[in-house]
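As written, the chains take the letters A, B, C and D, and residue 1 is the first residue of each chain.
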Amino acid sequence: MSKPFEGVYAALTTPFAGDEIATDKLRGNIEKYNQTNLSGYLVLGSTGESVSLTDGESLRLVEAVVAAARPGKKILVGTARESTKLTIAFTNRAAEFGMAAALVRPPCYFKTRMTREALRAHYLALAEAAKVPILVYNIPQNTGVPLDTQLVIELAAHPNIIGLKESSGSMGFLGDVRPYVPRSFHYFLGSGHILYPGLEMGADGAILAVANAAPELCAEIFRLFQAGNKDDARRLQLDLVPLNKMLVEVYGIAGLKHALDLRGYYGGPARLPLLPIEDKAKRDIAALLKILGY
Amino acid sequence: MSKPFEGVYAALTTPFAGDEIATDKLRGNIEKYNQTNLSGYLVLGSTGESVSLTDGESLRLVEAVVAAARPGKKILVGTARESTKLTIAFTNRAAEFGMAAALVRPPCYFKTRMTREALRAHYLALAEAAKVPILVYNIPQNTGVPLDTQLVIELAAHPNIIGLKESSGSMGFLGDVRPYVPRSFHYFLGSGHILYPGLEMGADGAILAVANAAPELCAEIFRLFQAGNKDDARRLQLDLVPLNKMLVEVYGIAGLKHALDLRGYYGGPARLPLLPIEDKAKRDIAALLKILGY
Amino acid sequence: MSKPFEGVYAALTTPFAGDEIATDKLRGNIEKYNQTNLSGYLVLGSTGESVSLTDGESLRLVEAVVAAARPGKKILVGTARESTKLTIAFTNRAAEFGMAAALVRPPCYFKTRMTREALRAHYLALAEAAKVPILVYNIPQNTGVPLDTQLVIELAAHPNIIGLKESSGSMGFLGDVRPYVPRSFHYFLGSGHILYPGLEMGADGAILAVANAAPELCAEIFRLFQAGNKDDARRLQLDLVPLNKMLVEVYGIAGLKHALDLRGYYGGPARLPLLPIEDKAKRDIAALLKILGY
Amino acid sequence: MSKPFEGVYAALTTPFAGDEIATDKLRGNIEKYNQTNLSGYLVLGSTGESVSLTDGESLRLVEAVVAAARPGKKILVGTARESTKLTIAFTNRAAEFGMAAALVRPPCYFKTRMTREALRAHYLALAEAAKVPILVYNIPQNTGVPLDTQLVIELAAHPNIIGLKESSGSMGFLGDVRPYVPRSFHYFLGSGHILYPGLEMGADGAILAVANAAPELCAEIFRLFQAGNKDDARRLQLDLVPLNKMLVEVYGIAGLKHALDLRGYYGGPARLPLLPIEDKAKRDIAALLKILGY
């Protein structure tokens, strides 16, 4: 029995031309992604450099993606702000553009105050006030605020909290959450490293940076898995692992954007403080893409 | 030979009435602080819950403090954003209100990318473009991005980077930086724990959360130190340590605001996700204030 | 094509009677484990409280396990000490008892000095001098010294370094190492959380604390996996995850030993500073064992 | 009113000749240190590479230092082991040689189990059973197990726990402990970075690695402080800071030993896994010693 949001999503990069956002380039990428089996798109995720954008830029990006996405592709939007009030406000402003669900990382500046109680209060207030369903987002490598599995299980009981994106890449987190949340709760993997093994152990899909550069590969792993063809899913996963490592872990967003340029999408520059990658990185990326047959 | 910015500053709290900022309450606090020997005020610091505010709210607070401060009190403003472009833009918008210098923590969401090179490029671009002098801000407990002393030393060579606020509370940081930066570079302590010892080892002043609740005490330690009265400075420091610990480290901004209420300033609530403090905390704070003679 | 060490090993607990090691109880446990499909036993691992033992006690335990193990069961021994010299010496003393390979965590007291260079020199000197094959051991949660994948890949080139036990539980580590080491290099999982998914992605076996309490379950997952019965392996893995979490992660060695007592093995007390578990923990463990049908 | 253990101690290095301990070289160093105002010596501290030694080597070092020390010089010995039982046993074996007190870091391999309760039970059992007074030792950079100030305060109530060595270098720790422990409790600084400021804020002395290379400087800072000559103490502290940083923090034990060789003591090699320092380090150290007039 399929679930409404299942499948693989691209955590979209944000194209810049010079120092301005380039919504035309974004639309161009989306038109290509529309031809794939991706289930949809995440706008304003970590990979989208959302923290580096103004609210105005952010909303224009949401508008552009909603307009460009083929019907049936689901739109997720990262809407976190540091205060509960601002998170609710921005979520509901963005909701007017027609997203399917909001993905919300925890507030993270006041790290030592982000107790389970504070995080629970934040997410529940948001879930009550938001006009769209909420996906909780665990990405401690960026936030420095790890969500604990018990909190996720508690939050999953709220009818407007419909899922989780888990980007620490831990199989343990999956094992500690999946049996204790409703079957309808969506568990999205946030790390390409464990796409196939995570699906095998109960994840419903994934929201992946690497899917910008390799949407067919990611979507095909999901399709093969669903078809019960575990051996082929496993084989493709062995290609995805080094690609994910190089583009997401080693070289980061600037590296991923370079791979997009090489693969015929628009990558372009990252916004400072993210530095451009160096020539060695470009050679590494080109070499790996060639090895993988791109 | 005195330096232009030396002395103790209060890292101001932001008063809220209900869920809105209360600039009238802020002015009321400032009028009281104007009677003390504080050298000035930091608006929009970490203690000011700056991450929880809109740009519009932020600028209204700057405007209010500039208007309320007695002539001679220097105004510092926290102006960091996550991207270099937005940091420059907000710094220069806020500069129009007449601040003395901007205090800028590093970008911190893309933690693993915030190499020395990325941080150097960020701060140098800011220093070039900013219409006000820049103070670098090290607060790894909140950012998760520690600045290294070598980077600070390099940045200190730029004519528009005039100082540092160091909030990790490390005496080692001071010892590793002070001898290697120009005498004119301002080293501000960001932790009340080490006000007197830090001054003794070469700091030029401090920008302190605890100075909201105990401005006279903090300013007096500085005055006694400057007057060469180390014994009395040391004695007052022994009072400051437990106060700083309880208000800043143990109970945080909500606790500090409660102390403000008890001491006749306006504290009020913190904005969520910061939770209100519990009754035990209130009793602890009241008891300590009493012990210290407030 | 099978590999000489493949399969699942129990990382044995060390039985104590009062404050003394109880080799008779250990032999009793081994005789039961001999009836299972475990490939062998690790003596003096982290789970064996090896750091809490004298050298004399340690060697008596090795002797007892070697004597009690059924022919064909392979014996691994944890032989790390903090200096290279002492590690070599203890490894070769223990080797006289007839172990198959030594498992060696990195030195970890001088954390900041344990650079890749220092660790490489340590392991290569050991590999040269040791009279038995060496397994490298990554367990940063205990050592505070994470091995990086590049170091492991370099070490795998040495003919006397025949494998790795990886206890951080990271699938990413596996993906970053497996393709770049010789096919003959043994990659052992050290976390029950990922037994089946780890095998699926290329691990050769596992050395598990939880296998003390559930040897049949762990060995059966391996057998099913090898037989190509992924669906059943996956189903049993779903039982193993909560068991591993409770016995290894939540309650630790004292909890694991209590489970041994409940299951008819000898668990007994842990040696201080490990505290006994409380009554609630005992109830939790009993309840989970019952749910799982033990 | 002076306290029995107050003053500055050298945390002795352990001389090796080739791969063996060289007690004759150690005696030679001690004879020189006997001419200084050091209060005594710590044998088998972190700086003494105690974790890299056998029990037999360790006891021979204690014996040698006790024999060589001038009457009046107090001998402290690091006696920690990972289990409570072994720590008690080794403490009492070493006590037979005539030490003044034992310095005991917490067990640190089972990091996640070293709760306040476990550490309290460990230290109290030790304090009860030990035939010498106990100094608690906080050195989280090596152990990965930070002691919290509340635990230290609780332990200070035991009559056989007579003090603390605090090597994290935090002034905050001092401020949070000093007012809440008996006046007779000895608070020793473990970081040369804060020798003078720490004394000023209530420490009773220090046990320092850097005192191997600069015993006169360290002892003189203490003497000046006690004489009320804060200005000169402060001035010497400004020399100590870069020396401590280079020898202890940047280049570590191998660097410190090189400085000993340059200064006419016996330094010699460190035991692996500590690597020798490189030529650049040797030049840096020689240059700094020259600048400081050695």
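Worth pointing out:
Just so it is clear, a residue touches a chain if its C-beta (ideal position, glycine included) is under 8 Å from a C-beta of that chain, and two chains touch if they have at least 3 such contacts.
None of these values were measured; they are calculated from a predicted model.
The chains in contact with chain C as well as with chain D do not exist; no chain meets both.
When each chain is reduced to the average of its Cα atoms, B sits farthest from chain C.
Averaged C-alpha coordinates put the centre of chain A at 50 Å from the centre of chain D.
The mean-CA centres of chain A and chain C are about 35 angstrom from one another, to the nearest whole unit.
The touch graph of the protein chains shown is a ring with every node of degree two. Applying the touch definition to every pair of chains gives A-B, A-C, B-D, C-D. Against chain A, the residues of chain B that register as touching in their complex are 19, 46, 49, 51-54, 82-86, 106-107, 109-115, 117-119, 121-122, 125, 141-144, 252-253, 271-275. Taken together, the chain C residues at the contact with chain A in this complex read 169-172, 175-176, 179, 191, 193-194, 196-197, 200-202, 230, 234, 237-238, 241-242, 245, 249.
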